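Below is one structure, written out as structure tokens; the observations come after it.
By letter and in written order, the chains are A, B, C and D; residue numbering begins at 1 in each of them.
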Amino acid sequence: MTDTTAATWLRAFATAVLDAEDRLTALDQAAGDGDFGANIAGAVRFTLADLDALAAGAAEDEVISAAASAFLDRVGGTSGPLFGLLFQEFAAATRQAGGFTTAALAAGASAGLAAIQRVGEAEVGDKTLVDALSPAADALSALPDDTPLAEAFAAAARAADEGARSTADVRARRGRASYVGDHAIGVVDPGAVTVGLLFAAGT
Amino acid sequence: MSPYFAASPDALVDDALAGFALAHADLVRLVPDPGYVTAVAPAPTRVVGLVSGGGSGHEPLHAGFVGAGLLDAACPGRVFASPHNRQVYAASKAVAGPGGVLHVVKNYTGDKINFAIAAERLQHDGIRCARVLVDDDVATDSADIAVGRRGTGATAVLEKLLGAAADTGADLDALVALGERVVAGSRSIAVASAAHTSPATGAPAFDLPAGEVEYGVGIHGERSGRTRPLGEVADLVRDMTGELLGSLGLAPGERVIALVNGLGRTTPMELYGIHRHFAAALADRGVVLERVLVGSVVTALDMRGFSLSATRTDDGLTALWDAPATAPAWKA
Amino acid sequence: MSPYFAASPDALVDDALAGFALAHADLVRLVPDPGYVTAVAPAPTRVVGLVSGGGSGHEPLHAGFVGAGLLDAACPGRVFASPHNRQVYAASKAVAGPGGVLHVVKNYTGDKINFAIAAERLQHDGIRCARVLVDDDVATDSADIAVGRRGTGATAVLEKLLGAAADTGADLDALVALGERVVAGSRSIAVASAAHTSPATGAPAFDLPAGEVEYGVGIHGERSGRTRPLGEVADLVRDMTGELLGSLGLAPGERVIALVNGLGRTTPMELYGIHRHFAAALADRGVVLERVLVGSVVTALDMRGFSLSATRTDDGLTALWDAPATAPAWKA
Amino acid sequence: MTDTTAATWLRAFATAVLDAEDRLTALDQAAGDGDFGANIAGAVRFTLADLDALAAGAAEDEVISAAASAFLDRVGGTSGPLFGLLFQEFAAATRQAGGFTTAALAAGASAGLAAIQRVGEAEVGDKTLVDALSPAADALSALPDDTPLAEAFAAAARAADEGARSTADVRARRGRASYVGDHAIGVVDPGAVTVGLLFAAGT
């Protein structure tokens, strides 16, 4: 597919999250406080409603902005605003690039990662969504700008999934999972898993 | 099928807020969108608005402490999820005084992030805003935990003291200084003999063998990785007391305000029995128990457990503790 | 191995009383043998002492309601067992006024017997003594039950109203008349979605299928023989409200004081959500909700359930409800 | 045996109750509020302590009076004072008869039954301890005064046990078990069972 649009991507992401909700709840329960599934599912439901409400010919960056404000302004927890910051940067990069392109995706991922780290202070290896987003951003930056968007998403998804898997091996040092010590070992981080879903949704 | 008397985790929060506002219409007002509660009759002497908030599931914290002599506003998030920044922003705008607004934030990443985003928006609007971060939980005092100690039971004590200080007309800097002093002098420790029921799954959030307690549990059911036999309650309480006093470096003759706090399912009888042992353990160490609150004030849904908190006090702080306040969960 | 934080069922009661007296030394005094609690500072205007009591496990009832404007003494029995007559006798002697002493007794055989024996001893000593028997539980309003309706949640409402009336200097006959009027105008109904944990066995006192509630449960875990699917909380509350109003014969426009009461493990969020539905159901029937108390005040150890109570009121009763009182579990 | 004394009887009763405590708890839990075992066990423990404290040559009626005051003045619940009233009447009848005899036992049982019914207002068939005590009192009244005491106890125990068994078939109309409706059917009344233990302890 080369006809990934911001709207198809975000709707596919929403479907994937709603399908995975129970699994994400279980992961956050094993190593956090159990609300991740509800938080992120609530967020994508708001996003779907906001997408439905959007005018027919909305520009790609406006579509992504709608997701950003759904996450930032209507969803609490840790994950809500962090994903919101990421969408905000995707929207800005898309506006800048004049379209939802591979270059915009790459630039948005890097800027989003930076924003998330500024606010949340997590490094790679702390067992957070940064462990998935950082390699995904790297993979996207390494792609030529003319890579088809769906291929770029696929590359990012591969890197994110690998990053997410790596979170199983470590103790968390950030977020709620940091309190549970060795209980978190063997459990992948739900935020990192969701970053994988986000990129896979564009393929 | 969740055993809670609520149609869904979201209904649990939303119906509770609606019923809370109905039951306490003389004390608080609810703004359902974006979701915050304000005090009807704060003291006219206040120049700084006091705002707190956090995930729901810890009631009566924080909304129960909205009222005269206490908080001006509280922002309840979904169950165990911090409020979103728009709640904090709107609540802060609604109650900011001429001297600005003070955020009382428990040290969790989500709370920090959302309050921080709101603070940026407030400053952008020209409203002075500062924050006191509560980090009292000794169970998370570890080099392995980059985020530092969690904020738990002592939050209730802090809110009372700051509320009384705000009523004296203290300015933002003075309140921050006071708040940081109280936080520095506060420690808590919690244990559970059974997890809370997850509203999402209807099942216990974790399993414990019978007769074991999770030593150092968090108020969202975060496990500590340390279990021990429940054994004699007096022994358990003595060990917990030792950790509090050790972490505070309390010397004999020093005075504390204490909180014996139920986490949800613990009965008043158990809490008072625990207090009996706590008072004895403090006396053994020569610490003066100046004031105590026994009750379930910072809960974790229906967790079977309790926390002990101690806050170093002096004549000034004790007077703030004794100052009148009228909120749904605090009358004195 | 009981999961309660107490060495034994007896320690649960005894340590609780000791810790309670420590925590509230400004308000109450404990006499450990034979076992009762008295108010430190009753109003000097009182001429009749107000004494209540019953099995433990229902805290804060009754000891939490000992204080100025409320009870003069409470006699806590063992868990779910009425106090023995010597407790009632000694407590009554300690607080009897020149106008005698009034016993507030929940309608259970054990309570009736032990208070009755104490009353005989008091009369033998020349102390005037009368009794108000609370029988508010509509679940036990049945021809099959020779002992009549049980006394449950409305006891808390009655104690508040009698306390305020006693402070006006009312004599024994006036208090009995008032108490009987309040009792006649009070009904309660309780449901549980999970039994309490027996302190004797450590196991749930009875088993319920998931998603079912015991409709009409007693505050000692007495089963009603009627279960129903939990379903929508709003529907459950509407049906319960209908039973209360039907049993009271309340007409549209009549006014009530209401109690939304947690039985132990029910969270504040659930109770406030239930109150939302209760207020709506009362409004639908045209009944005026004049005052409400939402909280866990008449509990059944750690039962997961709640009760609703309604007491017919008028200007006089509402004024008594609003009168100031200061007890460990009641400040206003 | 013909050497049943008040003290051997009361001590044997205490042992039987302590042995049966868990079963009595379970019965009261099935059809009451679960505290009967603890109440009655607490009562016999107080009784044992009071018997130990008694002067060596105490009269039989003083021995029984000690039990009466342990039950009446130190034990709450329904069962505590009701058994206390019964012991009070056994003590009075023993004093009257000048010894702990079959006549005293019979007179005490009848007077105790009357006192319990005055205070508790239960009739036979209400599923209470009256269902065991009433036939036991009848059986005792029917015996010639010169029946050896141990035999009298045995006859009373048989009647009480049969009465206790009959409580399984009925709904309770008095006491906590009256609230549970059909849940109590099939469950014997723990108070009635204990009356059986009381008489069996004298054999």
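Assume contacts are C-beta pairs under 8 Å (C-beta built on N, C-alpha and C of every residue); 3 or more make two chains touch, one makes a residue touch a chain.
All figures in this text were calculated on a predicted structure; none of them were measured in a lab.
Among the remaining chains, none touches chain A as well as chain B. Inter-chain spacing, taken between the CA centroids of chain A and chain C, is 53 Å. Put simply, the C-alpha centre of chain C and that of chain D have 31 angstrom between them. For the pair chain A and chain D, the distance between C-alpha centroids works out to 73 Å. Centre to centre, using the average C-alpha position, chain B and chain C are separated by 29 Å. Across the assembly, chain A contributes no residue in contact with two or more other chains.
Arrangement of the chains shown, judged by which pairs touch: a linear chain-to-chain path with two open ends.
In summary, the structure contains touching chain pairs A-B, B-C, C-D.
Against chain C, in their complex, chain B makes its touches with residues 1, 3-7, 11-13, 15-20, 22-23, 56-57, 59-60, 64, 193-194, 202, 210-211, 230, 232-233, 236, 260, 264-277, 279, 292, 294, 299, 301-302, 304, 306, 331-332.
Contacts from chain D toward chain C in the complex involve residues 22, 25-26, 29, 32-35, 37-39, 42, 72-82, 119-121, 126, 171, 173-176, 178-183.
Per the touch definition, chain B reaches chain A in the complex via residues 9-10, 34, 55, 77-87, 108-110, 113-114, 116-117, 139-140, 144-147, 150, 198, 200-201, 205-206, 218, 220-225.
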